[in-house]
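Naming follows writing order (A, B, C and D), and every chain is counted from residue 1.
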């Protein structure tokens, strides 16, 4: 294990201690539980936005809590859901009286706990709505979008819903916009190496040097075609883009935002190399790119690999995407 | 007829926690093959916490003990399996609330509520390659044992046998839920990790009634 | 090699093509050479700030070209200096008539080429001054600072000088401030894995799983004590901080900015775990932290590891550090 | 007396480029041990570019050929070694500008300017474990050969011998400059990569004059 850690079982809590120490003016926790992570200043009257999920994906999930994005996040162990109890505590802390929207990824453990939390919140008189990210094209065929995993594309849901909530939209409107973002985003990933859960200490799957797996999920879930010999960057992009473009489908005349996401160990150099090809292919297809994002948005600790997400834009999504945001992990000026 | 009382139920959770520790690597490997490999971790952690919480819980109402176990498990192991089992335990606790002991019929009633809780939360059905595929057969065997008026030990033994057979049958199934569903056909030939946990639960229950500790 | 690339020899130029495609409104190139990277809009009258160095360190070096920071960067091959010719082209393009300051790291190849470029620029009537980053405590003993490598701490030189130049300071003043930042910053790094130069295809040094090298440079240059068994995060921080604190020295009552830099493959989770301990130790020493920075600021492609930099602040440095900046790779609101 | 003319000088750069390709891995390994491992890459790339640029360069002035080589190398291989050699070549070109051929004395004059250019840019001195430690001995041998009025081939052979000895002596030195300096005492026992390049230059020069191609 090549990790800068102390005791594996302290990994998540010590990471959180570091975050609270670094950003005391921006974030804090409630319920006397480090894992109930909330914005320092909750705006009364604003619709509350909560997310949550397993650790090991920074900046996902808690990294999007801050100005112009989310209000709270319950934090699970590595690759494990937080508990319904923690979700409920966050929900109560961030409710500004206008209800709370849950936005999280399509994983059974998370769904079960968020559903339980929503039932409990209702008992406390808090209206909760839910939008589940399910952007990973590789994880289920078209028509079964409800079975698809949520991966990096959830960033767009946070950004769009966050900007709308910050601007004063009500719960129904924020939900409508989050759903619109969800319906218009598609992602494909490729992994080049496994990652190691600290408490397990060895990779839970193997990917040898010179191998890749297109379509692999951010916990190492398998892709559509299994392992293959590592292809060139251009070939990989072509294959991933073909799947994405056909799925929505994206067509000539569309305008999109592109998100090139590193899974953890992949250098920025390589992300730009991927973007080069994405830009070439989209130009050839007559699809315009606005607001490209490149960097680490949803990782699997030290996994090597990347994902490509496309969000089809209209004026509404575009103007919400362009709004400024400011969290300890994500800063954007007005575009 | 023999009854499982508070002390017996606590002994059951203690045995189950020990069993999880003994089988940790097996669960990790099963879940690594068609999931994310955390099941050994979550189950040892979850039932370790339950067993600890119950140690100092001076309650004689078996319903309250089950609820306590469920609430503890929900907080300590909020994974798919942890949350499903917690939901099941909370329902089971509701179903037998106020009782001081469970005879074979009581156990069947408890297991029924437990399985129904898991079904309701997870929306899976038998054959989907989940924990239900070891627990449903166990439940049916227990019901049959009640009709045949078997002893507590024989009834639970029959349930355990059925769970083990149900577990073996998961090798022929394709996963329909959770992370394993992404593996599709590649889950064929592999034993379901969650169903394995279901069989362990029956195994610990059998060991408890065979021991006779806390039986009144 | 686990890399998302096409032909290794095209790595740098294809990466640059991706960057220009992604940020056409912010950066461009001159001299018909992709490797002569400059800001799209040069402010007349502003002191020009140029850097340069080998590729493979993104966001170093070109990532700091943009509003509130630098104006141009000559881009070398992986771990190789750009040429004097390229540096000269950038110098000419960014000179707004008030002279140009070179800020780059202390590496022989770069020095030789920048010196040559400065001689050639003088012939063209452009005043050039030079400040060389040399923050790596591990690379030479105290008293021989001029022999020390420049690593992640150079970020502070860019930020401080960039803010001063943007505010209209003249060349002498910008140089004074860059020197002040240089004199007050110290860095120590630790590596947990090697990295692979694309055109070489295999690591140029070995670091086995479970090993570390404290003090290793960003090209794999050795540290002070050689390889050792991987220690806990807290032990590593303690050892690195001890060297940093003793060197300046930083003392009770000082105020510092802390930069925790990932070398490439190290997850943000681990960086925050390191920060947790840094914060504990500095608090115990009576040293106050303002403006912590955590993320990837100077990498070695997919190398695992991290560095810690401390900048001792005074009011002047603090206010320059707090100024907004906006490049394709680094965004900061006014702090 | 025999002279190295334009064709000979171009043949020299061609041979040197081939030699770098043949020794690429050796240079990579030497530089990987006490540097960043790029020397094989930069030298093959740099002299490949020089050899290509000279192929279509119809110039008879040996000074201009050397300058052209220097400018090409500076652009193609801007590493420490590339820039030092480029500076040396530019100075050497200045020193013999306007000549159509170089006899032994001319070669010595050229090598002197070459070495001085490297010294001025790098600020190293003999004994610092750099390229100077093979080139200085070569220069001195060449001067001695002039005094003794040796033939062109014998003179260059003496220079090459001296370079090889100087190179061997770098094993006893501790690196004082560049990335190798960080390795400190650990550079003892290792041959300097840059000095190796210096010896290769002499080797290619010797092969050129032995061949006799382009000698007038």
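Keep in mind that, in the parts below, a contact is a pair of C-beta atoms (placed from the backbone, for glycine too) under 8 Å apart; a residue touches a chain by one contact, two chains touch by 3 or more.
These figures come from a predicted structure and were not determined experimentally.
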Target chain C, source chain B, minimum contact steps: 2
Neighbouring chains shared between chain C and chain D, ordered by label: none
Chain whose average C-alpha position is farthest from chain C's own: B
Whole-Å separation of chain centres (CA-atom averages), chain A against chain C: 29
Chain centre separation (chain B, chain D; CA means) in Å: 78
Whole-Å gap between the CA centroids of chain A and chain B: 33
Distance between the centres, which are taken as Cα means, of chain D and chain A, whole angstrom: 56
Where chain B touches two or more other chains, by residue: none
Residues within chain C bordering two or more other chains: none
Contact graph of the chains (line, ring, star, complete, other): line
Interchain contacts (touch definition) - all pairs: A-B, A-C, C-D
Touching residues on chain C, where the partner in the complex is chain A: 1-7, 11, 14-19, 21-22, 55-56, 58-59, 63, 190, 192-193, 209-210, 230, 232-234, 236, 264-276, 279, 292, 294, 296, 299, 301-302, 304-306, 326, 329, 331-333
Chain C-touching residues of chain D, taken from the complex the two chains share: 28, 32, 36-38, 41-42, 74-75, 78-80, 82-84, 87, 121-122, 177-179, 181-183, 186
Complex contact set, residues of chain C against chain D: 76, 79-86, 107-109, 112-113, 115-116, 139-140, 147, 149, 197, 199-200, 204-205, 217, 219-222
